């Protein structure tokens, strides 16, 4: 184990579901995960330090530092099931580092006998998205069928470039170690932190976990996204008209 | 062993020939290998995952993923000899990774007591090739003589830049571990996936293995290559004429 | 241990304070550390060679070489406390190397049961600084309170980009291994070796260690900095006037 | 040991001198070493393959390949002393790799109880050199004095940028492991393979080893260098005159 893992506690968990919530396109994964872990009152139990993160100390507003890290949090008895979250503000910067670190974290998770892996991310479209869908990529047909029932869509072979980063690697490790796994990707322009896309993913996870959550915070932020989208569209339309007029005149 | 090797089975093989079929110039190696493994009804027996591949999950049309990998396939009793194929869509992206991964795969192959190594690749000419030849580089004079008998050509010291990638490293490891080895390079423009060049290499391997294979699929694809080549030549000729006329007029 | 550590001696030290003095912005850390180690008549006891430094032999004026390295020096009984200094002209060039090497040095320091870590650096402002302040980042509130008493300032969340290099990593390792730690950053333009900023940091360390030191050397060099600053200001003012006149005329 | 070392033999040697002869500026080190090893009828006894070389197979004129490597050669009883040469066409491409590989080779050499290290290189001046001098950098004053007696010059602190590559690292390892070591640098423009500079270094080594060698081959090649130098000077002079005239006219 090349990482330094500092445990706050070693909780006893029963066949937990593992949810990877690291930052990425539109920060959908991180926003979704942070909201969910917060709503489910998750507790941090391990901090993972690695040479594969930027070698940097980060300050809070009291100038208390911590080294760049990823963290494992847990929630017990979420409608009868335990959940482990991978939370953090950083991903590794090299392919080798990404693979090695995820593999080390996976070995911790396998000790916890995780029963399912859900990795979270954004599906970047490069254009404004009014009603973001949630796309999926899976390790087997059974889990695909289950999530299709929750409304996840599976456009054949998409994303065609594959899935990179921790979302891709944990999905791959799920395949390798025979843990049913899915990557949930919220549709997003990718141009800003996309709470609306995150809310779409949260709604899938609510169905999966069978819990009720207060979405007010996300709804408020989503409405801000709607306003931004509306303004951008307005500007685009105006520009279009001008140009059209130009062609006529 | 830094790689993760997942075995479907551990076949019992007798002094197998090892054929490396990874992608490269004109994709000649991969095309040749995929055709041969398919024709010889090879079976996958091991999947190799490595930090040295892009850390990425790849989707099929069902959105079932697998991590980037290389695979070992085998065919038993090919005219009395067993064959192991190294099949995949990826090569390592760094020199260090290439060396390390090939070395790890080689240690598996040495356990199988491989009796010969054939690595496959393209020999890029940068120009259209009408009748692609097959060039060779070897670990010793005995194997050179054998393959010269099958029609492989050995222009002295060519390719002068050496042989890079898995084709070069397995050839080198053959030398180091005293396994007679050859790299077969199909002549190719290198501008597209070159089935015609692959067919030239296949024909050498048919002689080597003493088998009969239905080449219809490759012949069809080669004819498409011929059509492309003809069209490019036509365009080139026309351009030349125009320019000539220009000089005159 | 991947480094080569050559010991001149293995001094017996009691709960030493560790001070990291490697080069960085305005070379404030190195200047501060070199002055302090010199004034406290520190002795070298270990030289650390690493693949993570530039692989280079460095010559002195007699053309006697040494490999690029970092060194551990110690001073016994500095007002009752022992001190270890990390001295050198090089830092690692990669994130991975920085983390790994600091971790290896930390394991030596933990064997010495260090009781506190002080890392030294510059806080680059990009503009001339007349009266450099000293900023701090810490691992806990207790050490923050102590150093605030010495005059260290803690502008909330600054530097917002975090602290990189050995200063950041040892601070982070202090956090990980529960050693109270502070990074002292002397305010500096960052445009030259800033002895004046170093003197500001030295003055904090004098209070911390409760020692009296002859600052004449630093005062002389600081006055040179003042002269440079004055000249630059003069030139800037003149240029401003010219431009202003240009706008009027 | 991360390298693959293939032994042809394990010669019994008595306190051998080690001479590093890898390529570099003006290829002075390689030319010197190849000439010396050839003249002293050295025999190859080990081939070193490493992930830190370009992962490439190299062909000879028979299309027989070998992997990129470095080699150890030996000469017994050179005027009473044994010599080991490090011969090759490649150096590592990264700092980390350079340090690691030299360290691995050094561990082989320490087993042979080498009594002295001589590393060879060029000292690039960027201008034509009529009578190349040989400069030195050493691990201690005693070896400096000895080589000064052979005519090696020691301009204080030069080269000021230090010595990079295997020449620098073996010198540094000599210092670390207390083996008296010198780097001999032939003065060279660095613009071409400089046999004349190599001959200057060879002449130092002839004195060191107390042997007589037939220098005809090097003298012939040096005269070619003289011709090139003369032509370049002629062209430069002519160009200078033209420009001067231009200024007048």
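Per-chain residue numbering starts at 1, and chain names A, B, C and D are given in the order in which the chains are listed.
One rule holds in what follows: contacts are C-beta pairs under 8 Å (C-beta built on N, C-alpha and C of every residue); 3 or more make two chains touch, one makes a residue touch a chain.
Bear in mind the structure is a predicted one, so any value in this text is a computation, not a measurement.
*Asks:* Are the two sides of the chain A and chain C contact the same residues or different ones, given that same means over half of the numbers occur on both copies?
*Replies:* Looking at both copies, the contact residues mostly diverge.
*Asks:* Which chain lies the greatest distance away from chain D when centres are computed from Cα atoms alone?
*Replies:* A
*Asks:* Distance between chain A and chain D based on Cα centroids, please, to the nearest Å.
*Replies:* Distance between chain centres: 55 Å.
*Asks:* When the centre of a chain is set as the mean of its C-alpha atoms, what distance in Å lies between chain A and chain B?
*Replies:* Inter-chain centre distance comes to 39 Å.
*Asks:* Which chain D residues touch at least two other chains?
*Replies:* Residues of chain D touching two or more partner chains: there are none.
*Asks:* Specify the contact topology among the chains shown, as one of line, ring, star, complete or other.
*Replies:* ring
*Asks:* Which pairs of chains touch one another in this structure?
*Replies:* A-B, A-C, B-D, C-D
*Asks:* Please output the residues of chain A touching chain B within their complex, sorted ascending.
*Replies:* Against chain B, chain A makes touches at 95-96, 98-100, 102-103, 136-141, 144, 154-160, 162-165, 167-169, 171-173, 175-176, 183.
*Asks:* Of all residues in chain B, which touch chain A in the complex?
*Replies:* 4, 6, 49-68, 93, 97
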